[in-house]
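What follows is a set of structures for review.
Presented sequentially are two complexes of subunit A, the first with subunit B as partner and the second with subunit C.
Right, the complex of A and B next:
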């Protein structure tokens, strides 16, 4: 396959991009920088989907995550901004322990994943177009799909309950 | 009719979910908020009634789980499957649904007085509570990891909110935040583990995963390390939810800070749902791979029993003490999973089902007594505050003593039978040493449970400490029936349950065994 090398190279670039942005989310001291890093991280994931021959999912990723969720997060940061304090991450003393744990965990995962012989997963011939996706959502996965709507109801009611402050009725 | 069948399977869940929305909508138009508790309880009772009606629907023939060499494994089709194999209803799920609904009704009875006294909104509380129960039902009937995970989240998210429901109380907010952060983290770990299982088997249904794992094993492919990592991640997600050591550190703070009725509900229902849901996942999808996840479970069980019981010893706050006790009981319950996995017999799982009902009765009762005392006079949930209770509130003290004796596991209470069946299952599985550890730890637990009894009867109350001062009942609506009656009713029901099932454990045990009847037979 002649395009294989180019495809692999693109994937490595996208993977490094996602990782660097992900680290940025965690390591930036200003929360607004973290939010912006996350937007770029979402974009990288969208590219990864496109590379995996899932253009529709890539577009949805950009619309929903890059477009909507990032904006909501940035709004939330601006709305909850405390005027007196500075919006910075405070690092606690367990950074070193956490870093070591994360590295060991990642190493174990990498070793077992690379050494495992589990073959290819899923239907390789599937081209996830709009038609196929809607078929899956509204046929095979209709039960979890409807259940998600209940999760959203719970999340909305819960958010209102926790955020309601002034004029609380009995 | 595929669709018809699917809807029938779902019916108890649909009833509870509709009641959740109904309670929240009715809340908008009604001024008498005490109606909401009745509505919520009615919804739960309807759900349970529908589920009980389904019990007799399937007879013989289709086996859900089948005993397999080395573990319980999926065999045959579901007794009643729906939605392209996403969910499957069986006696096991029916037992669980009835249990969740029953705990929900008792929790509603315990909550009404508390909410009225704290002046908190009741409609949203019951709505969220019913949504949690819906999620639990989803966990019990799921036969696909995607449906399972969404149900798991439907159970988890509103629980975080209920823990912080009294937002004016700093500790309640802290409990909610702590529970949310650790809970979200554990959900991510669980999702990661399930994704690895999918990567290894190419399937999301329990049956498909079981088939994929069998294929991997038969092919002799080098995937052992990969599978172990996947199982460890899934077990971690499970351990967080049931607060098993070493993933327990959130439990004492959350249990202490959350509103007491919510704590009672979390300690019983959420734990029950986690055990029921994960038992089905572990045994149907991965029963034959017991070796890959069983040893992690044994370590988990021993740590949980020892740490939970030992750390409960110095606690002087009863909510905190019951939190550690709840950790210890998660350890006992894990023994059931180990016994079933080791022996490939369903006795361990039915012992878990029995124990979950027993534990729910005695724990809801114990928390109910705390709520009852708090409703009658000022009380800070401390051990010292119970001094002289035997004289001041004799009936309450007797019930509390009963619950403590039952939690210890002394006959003739239901707690004894729960432990008896669990430990017997462990011995039958050939793990006598593990049963000995459990019995020794039960003996340790006697110290902190019976100390409560000792304080109630053999300690004099400090001057004026236990003076019968009416609680700040300003928020109670005039003319409404006293919500305290709900608390009293729940405690008395729990007490009668502990005693009656303790004297006559037969029917409940038959139900717990019957829940796995189809699963064993051909």
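Right, the complex of A and C next:
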């Protein structure tokens, strides 16, 4: 278990939270319940970032995922929900295959990460501070940074074009 | 068993849960949500590795931030496609999306 006693306790709480909410997302019959579970799962991941000494990523996670992406997804659910009586078949016919694939995938990943040599692993926090991170963004990774903003603009324009009705002026 | 492994295990399990959702659910919006779970799992693995592995020097955290931005773009595009398709077909079930089938 990671770190000291208190840290280990927090780890267990956050891990159980993330996994239970994640299972809720894929197992709830009503999609709105799934959406709420997803919001709590994102919150749990934000806490995990905070525990991993990456407060900037935790804040961005809450801003972007809990704030923006969840709202967009809930809007899409409300725009498309057609629930007539009982929810009939809500899993595909390939559920068994999907479950086996997911379990085997998790097992393979765990085995590989256990046996892989990923170099020296410390127990202390090695995450960079805000100053070092901003220097990285605007110095060494400035080209990917600008490229990402270009992608974002393109995606926003594309989303508007796609969701617009035919012949409708924006 | 070091601390990093336990964090990675959580990330792998979350990734598998998301993969199960993508493969097994019929509602296409739920498929998008499961995809988000998978992206979150990848981010968790990146940040955990950046935290415990010496010499990563912030690249893990930075890539996690980039992935968050790309995921936002992906959700916007994906849901726009879902809405456009729903307007034509009146359905959000993935197994009815077979117009391109030969």
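Basically, the second predicted complex is superposed on the first by the 141 of 170 C-alpha atoms of A that agree within 3 Å, B and C clash if a C-alpha of one lies under 4 Å from a C-alpha of the other, contacts with A are read in each partner's own complex, and residues count from 1 in each chain.
One rule holds for everything that comes next: a residue touches a chain if its C-beta (ideal position, glycine included) is under 8 Å from a C-beta of that chain, and two chains touch if they have at least 3 such contacts.
Fair warning: this is a prediction, and the values are worked out from it, not measured in the lab.
In the superposition on chain A, contact is made by A:142 with subunit B only, not with subunit C. Of the two partner chains, subunit B is the only one that A:115 touches; subunit C does not reach it. In the overlay built on the shared chain, the residue A:95 is in contact with subunit C alone; subunit B does not reach it. When subunit B and subunit C are set side by side, the one touching more residues of subunit A is C. In the superposition on chain A, contact is made by A:42 with subunit C only, not with subunit B. Of the two partner chains, both subunit B and subunit C are touched by A:155. On subunit A, the surface patch touched by subunit B in one complex and by subunit C in the other comprises residues 109, 113, 118-119, 121-122, 141, 144, 148, 151, 154-155, 158, 160, 162, 165. Contacts from subunit C toward subunit A in the complex involve residues 2-10, 12-21, 23-27, 29-30, 32-34, 36-37, 40, 43-44, 47-59, 61-62, 64-66, 68-77, 79-84, 86-87, 90-92, 94-95.
Here subunit B touches subunit A in the complex through residues 6, 10, 17, 20-21, 24, 33, 82-84, 86-87, 119, 121, 124, 127-128, 131-132, 134-135, 138, 144, 146-147, 150-151, 153-154, 157-158, 160-161, 164-165, 167, 176, 198-200, 202, 216, 221-223, 225-226, 228-229, 475, going by the rule given at the top. Against subunit C, the residues of subunit A that register as touching in their complex are 1-3, 11, 15, 18-19, 22-23, 25-26, 31, 34-35, 38, 41-42, 45, 48-49, 52-54, 56-57, 60-61, 64-65, 68-69, 72-73, 75-77, 79-80, 82, 89-95, 97-99, 101-103, 105-106, 109-110, 113-114, 118-123, 125-128, 132-133, 136-137, 141, 144, 148, 151-152, 154-156, 158-160, 162-163, 165.
Against subunit B, in their complex, subunit A makes its touches with residues 108-109, 111-113, 115-119, 121-122, 139-144, 147-148, 150-151, 153-155, 157-158, 160-162, 165, 168-170.
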